[in-house]
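Please find the structures below.
Here subunit A shows up in two complexes: once beside subunit B, once beside subunit C.
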Partner chain A sequence: MTRQTLLGLGFLSPALLAVMMFFLLPVVLTVVFAFTNMSTSTGILGGEYQISESDLRRLPAVGVGEDAVALLAGAGYAVQPETLAQFAAEFGEDRAAELDKLHGGAKFDDQRAMERALKELRRNPLRKVRDRKTAADLFRVSILGQRFATRDDFALAITDLGVPERDRLALTEAAYTGWTFTTQNFELLWELPATWRYALNSVIYVVLTLAFNVGFGLFLALSTFYLPSRTAQTFRAIWFLPRILPPVLYVLMWQWLTWDQGFISAMLRPFGFEPINWMRHTATHAWTFIVLINGCVGASLGMILFSSSLRAIPETQLFAAQVDGANRWQQVRHVLLPQMRWPILFITSYQTLSLLTSFEYILLATDGGPGRQTEVWALAAYHTALSNYGGNLEYGLGAAYALALVIIGILLSALYLRFFKFSELVAKPRIEQ
Partner chain B sequence: MKKMTSALALIAATAAAPVLAEDITITVWAGGSNDSDHYRIDNIRIAADMLSREAAIRGEELNITVEGKRDFDGWDGFKQAVTLGAEAGNAPNIVVTSHLDIAPWASAGYIVPVEDYVDLDAWPLNNVYGNLMEIAAFDGMQWGVPQDAESRPFFYWKETFAALGYSEADMDAMSARVEAGEYTLRDMLADARKAVDMGLVEKGYGFYPRVSNGPDYAQFYQSFGGELTDPETGKLLFDRTAMTEMYQFFVDAVDAGVTRRNHIGTEWDQWYSEVANGKAAFWHGGTWHYGRYTGKEGNEDFFGTVGFTLIPAGNDAGRANTVTHPLVYLLTDQEDDRAEEIAAQLVAIASEPRLNTLHAIKSSHLAIGKAEAGLDLYSGDRWAAEATEVLLPHANAQPNHPNYGAFSEAMFKGLEAAWTGVQTPEEAVAEVEAQLTATLGDELIVR
Partner chain C sequence: MNTKGNWMLILALSLISAPLVIMYGFQLIDSVSRPAPGGIIPQEWELTNWRFLWTSIDSARPSIWRVTFNTFVFASATALLVCAFSITAAYALSRLNFPARRFFLAGLIMLHAFPTITLIIAIFIVLQFLGLYDSLMGVILVKAALELPFGIWIMKGFYDSVPWEIEMAGVQDGASRFRVWRELILPQVKPGLSALLIFSFLAGWSEFILPLVLAPGADAQVLATYMNAVIADDTRPDYGLFKAIGMFYALPVIAVYLLFQKRLMNIYGGGTKG
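Let's look at the complex of A and B:
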């Protein structure tokens, strides 16, 4: 490797690092997460080993023998010679003797009951809560509800308990609280009827919004192109506002415009229209406003790009067309539009990809309603992975949703590149060959 | 003799060595809390003061700094902050959250059981209602301590009710009639329709339910005979008939013009202002709504304008009911065991009747323990006293099951689909059933 190459790489390295961290890593993680059953319950960084009460009834189904389950299910605390000996070592022989007299051979279901028994010591009572907790722990014979940090600790504990060799592997696997690799997310996506509805919603959303975006952006660019430049700039600045407004504020203004007591209802009331929530009344209402909300944001970007590329077209061509007697429409149709192919390609592909994954305006406007009819794929991914009133977020399933988007995005990009002959755009100009 | 010497040496050492000061910082994060809920954090501060004083009497110096935070971006933001903090090893010591988080967080190892540090049989925890303690337990362990109690009543606007032909005596008897199952949701629907037809309320305002998913909808499932879990196995229970009838009830309400088809997703601010000022005939909410109606919404005569009952039964199979959804104090797993112990002691002290009453009355919640009724602040508050009497004895909670969240979301999605007319109740129920069977597998019993 020459010094120049190294120097080049050296200069690039911060950018490369950023690309790795912020572009590649999220995609890789999405792929990994999509093949796991990760959720709030499993945690993210791995799990521990624990058999809890509710696990007991699940065990036979995963191949743990009945006798092993019976061993695990036994009472949690026992006053027996071994445990008493431990107690005597820590808290004195007198106390152990008294407890033996009071509860020798007794079994207790839970810690609370054990502590109650310990409270009965009279001669030399365990006065402090902390001591009673420590003492109660010495009588624990069951591993139910105990967490073991490593596989080995757990293996040791079940061996001590006398779980037969043949059940140990299945039991250890069932006891793991962390996530495991699985393909069930994809099976689930395939099976659930809702998935197909979300896919269809996404198609509706992307196609309609894209048509609005590109069409309206182009219209704005062309209409301001023929205006005096100062006026044109003012108009463009106004149309650019939706993009620079914070989304929450921008959507809030749409909410005010559309709700039952909002602007539209108030304006239409004198004409005998019932006040309705214009954004959420039916699915059609919701889609119309979602397309408008997103479209206005997207159109402003298109407008800026189209405007600048219109200016790059030599004015002389327009003069020539005028001399030939072309009117404005003919100029647009035959002179301007044919030269706008690349910017239109760029905006179309860029917007398709960003619309596929964007859901924030829908989240703020309708949150997928009414009746999940505007729940698009990306929003479903968000709801699954990051929003659940009951508290158990399904990261794995959410990632599977997201992974589907990544794949569709890559396929679509390839398709666009072929369709619009991107290779011609980046080809070397003939003049330089 | 040897014992004696060592004891003496110990005393000498303790006396001679300067008292070592112990400085500890306890962070408390409270989810879903607004301004009137500040005692969720302040009570921990008061408890810290108490604990330091107790330590001082024992001759120890214990300085506890309590740092509180309750401005989160909704429940989602709060839960993400807690879980990601726990993963990163810097979770707050104490969290105030829904009891439904216990199951997933316990299984992920984010929280530690409170029973490992405090005596549940001692004051003040032995004063907390047994059924509430039960709600903060999971898998045979006591994970948390209830921070407040509430319940979710059914409300009606008295003026509208009177115009429908009910007398003052009828209204007094309402809660008893609802409890006995003599006045059902179907009767309510008929009355609501009458109210709309008579022009007492606008179309769509006869019955004005909650605008988003929440424990409230589990109540209607119970009204039609649904049970959330199977008591024998602890598995979640999906009752096809009850679910269909519940969906059908909301569809009928829409068809009768008493509830808006696009009601779900209405702005909360709009909703509060409408129900607090008599725009709706019937609605349902929570005991904490009292504070909002009489405060921000300016209803100065709550008891003269609003009547409340249990959520009526829907049919013979169901029962009048109400769900309580207490928030709980939970302790997170920390590197430092001492921090967990102090946090647990603070939570116990904050559950003292006097302290909890401060929160209950300030935020229009209900008492967590028996002794609070004996305090003047509590018994002198008409709302707290009446709501405790009418609602709390009949309150049940949603189950602490790791998959209950998925169950509740699916149930609501199906309801929304039927409500907005996208699917018939039967179709919606079939889809929810298919989804739940696929996702929950063995953890679900379909009946």
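Let's look at the complex of A and C:
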């Protein structure tokens, strides 16, 4: 390797490391997680082994034999050397010796029977209810409700219990509380009617916002192009701010504009309109404001890019058109717009992808409401995996939602790479300008 | 040249800009006044909306100064990391010849267009594995990494515009490529670096989703999540208070904008945000 190669790779390596850690790994993991049932209840780092009372009923269905289930349900409390030793340590040797003499080797089905035996000790009975409960627990040999950290521990416990060999595998699998691999996320996505709603919502959102962004961005760029530079700058500053203001504050301003004691309601009250929340009243209200909120941010990007490509068009062309008697509209239509084809195409394709996947402004503005009418696909992924009212966060299902977007993202960005000469389209920043 | 047409244009632009101007105006006014009940006209000028600066607005909330400090640490650490990683990587991609350079360039362009927000669920789980969940450190690393493709892209643009002759001259005089980079090229891209620093700082300062998802605890709260929590927790909206907090939050942004307007306008032109 030459020194230049070493220097090049060395210079690149910190960035490469970051990209691997937070781009490549997450892309791979999104695929992996989409095929799991990972959720809050299964945990993330792997699970334990546990059979609870309520699990018993579903065990026959997963292939555990009836006698094994009976064994699990029945085995309760046993007076054995090991359990007696523990009892002796806490309640005295004498008492343990007496219990051993009376009930040594006995088994009790439930806690009440065990407690009765402890109560009826002749020489030193346990009189306090609390003591009896604590003591009874010491004799508990049932594995119901008990947590086993590893597969081996659990295997040992069920072997001790006498679960037949043929049932052990199914039982172990049923007892696992961690996440497992499954394809049910995709089956669920396919079957749920809500999925199609979210997809449709995304399409509505992208198409409407995009139309607003491009149309409005073009209008702003073209109109400020014709104005004296001072006036143009004022308007550009007004439209640049939405882009630079923190989203939380920017959306708050819109909330103030639209809430039921806000600006719009206050302005319309003298005309006999009931005060309503203009952003959340109906789905139409919500969509209108979502498009406006996102649109003003997107239009400012369009404005900046279109303005800089308009400035690059030689003025002589406009003079020539003017000499030929073209009015402004004709100049725009026949001279300027045809030369804006590439920037328009670029903004359109670029924003399609970012709008499809962004949900920040919708989350802040309506949070998908009213009902779930403005819930777009990306927001559904967020709600499923990272924030919902039920409290059980379904990482696996959320990853399945996200996977669709990741695939679209990779395909589209690869497509852009082929069709656009990005280096020419993204205006090279020159500070010294 | 066309005065009547210009007036029409200005009128049309003013009309469509009116909602934004109204929102900006009342953002300022409402933060230092109290409107008449049920109305919007300011009735009394007062500073009680700014009470969050000197008292705790409710018991469970961390102090605003702590939160501001967190935000500052978050934004500046992100900006420094992005710049540190970008200046070397962008130089390698722009000027150095090494195997698979084309591949890395194509990768950069793809990453530049790739919507990173789709990865947030997986990143959330990666941070849990690493034990960096709910810490400022974790969010800083993630934000810096996600801003990196953009940073490298911008810096590469600056390196590309440095004339090759400077480098040739240095190499002719017997300096190593590393020395040429450090002593001749870096000073040339300083303006670009400072623009990237400002841009990344603002990006960190405004970031909302990442802290919301990756560091929801009180210890790592930043102004975006603080403000969002105040708004979400209130049963009766107190827009005076919200707007004052918003004003406090946005002051550095507005200051930076006024100072570096032109530079920022240029860098946003190559920008990525929605």
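Criterion: the second predicted complex is superposed on the first by the 342 of 433 C-alpha atoms of A that agree within 3 Å, B and C clash if a C-alpha of one lies under 4 Å from a C-alpha of the other, contacts with A are read in each partner's own complex, and residues count from 1 in each chain.
Following the convention adopted for this analysis, a residue touches a chain if its C-beta (ideal position, glycine included) is under 8 Å from a C-beta of that chain, and two chains touch if they have at least 3 such contacts.
In this text the structure is predicted, and so the values were computed from the model without any measurement.
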Looking at the overlay, does A:Gly295 come into contact with subunit B only (first), subunit C only (second), both, or neither?
neither
Would you sort A:Leu386 into first (subunit B), second (subunit C), both or neither based on which partner it touches?
both
Which partner does A:Met253 reach: the first (subunit B), the second (subunit C), both, or neither?
second
If we overlay the two complexes on their shared chain A, which of subunit B and subunit C does A:Ile44 touch? Say first, second, both or neither.
both
Tell me which partner A:Phe263 touches in the superposition: subunit B (first), subunit C (second), both or neither.
second
Of the two partners subunit B and subunit C, indicate the one touching more residues belonging to subunit A.
C
Return first, second, both or neither, reflecting whether A:Ile304 touches subunit B, subunit C, both chains, or no partner chain.
second
Who does A:Thr30 touch here: subunit B (first), subunit C (second), both, or neither?
second
Does any part of subunit A touch subunit B in one structure and subunit C in the other, and if so which residues?
44-45, 255, 259, 261, 386-387
Under the touch definition given earlier, write down the residues of subunit A that touch subunit C in their complex.
3-5, 7-12, 14-16, 18-19, 21-23, 25-27, 29-30, 33, 38, 44-45, 220, 223-224, 226-228, 231, 235-249, 252-257, 259, 261-263, 266, 294, 296-298, 301, 304-305, 308, 328, 350-351, 353-361, 363-364, 378, 381-382, 385-387, 395, 398-399, 402, 405-406, 409-410, 412-414, 416-417, 422, 426-433
Okay, in this complex, where on subunit C does subunit A touch?
2, 5-6, 9-10, 12-13, 17, 19-24, 26-27, 30, 38-40, 84-86, 88-89, 91-93, 96-99, 101, 104, 106-107, 109-126, 128-129, 141-142, 144-146, 148-149, 152-154, 157-158, 160-161, 176-178, 191-192, 195, 202, 205-206, 208-209, 213, 223-224, 227-228, 231, 237, 239, 242-243, 246, 249-250, 253, 257, 261-274
Would you pull the subunit B residues touching subunit A in the complex into a rising list?
75-76, 79-80, 83, 87, 97-98, 100-101, 103-105, 107-110, 115-122, 139-142, 203, 213-214, 233-234, 260-262, 264-267, 270, 341, 402-409, 413, 416-417, 419-423, 431, 434-435, 438-439, 442
Give every residue of subunit A touching subunit B within the complex, in rising order.
39-45, 47-48, 52-54, 57-58, 61, 109-112, 115-116, 119, 129-130, 132-133, 144-145, 147, 177, 188, 191-194, 255, 259-261, 274, 276-277, 280-283, 366-367, 369-373, 383, 386-394
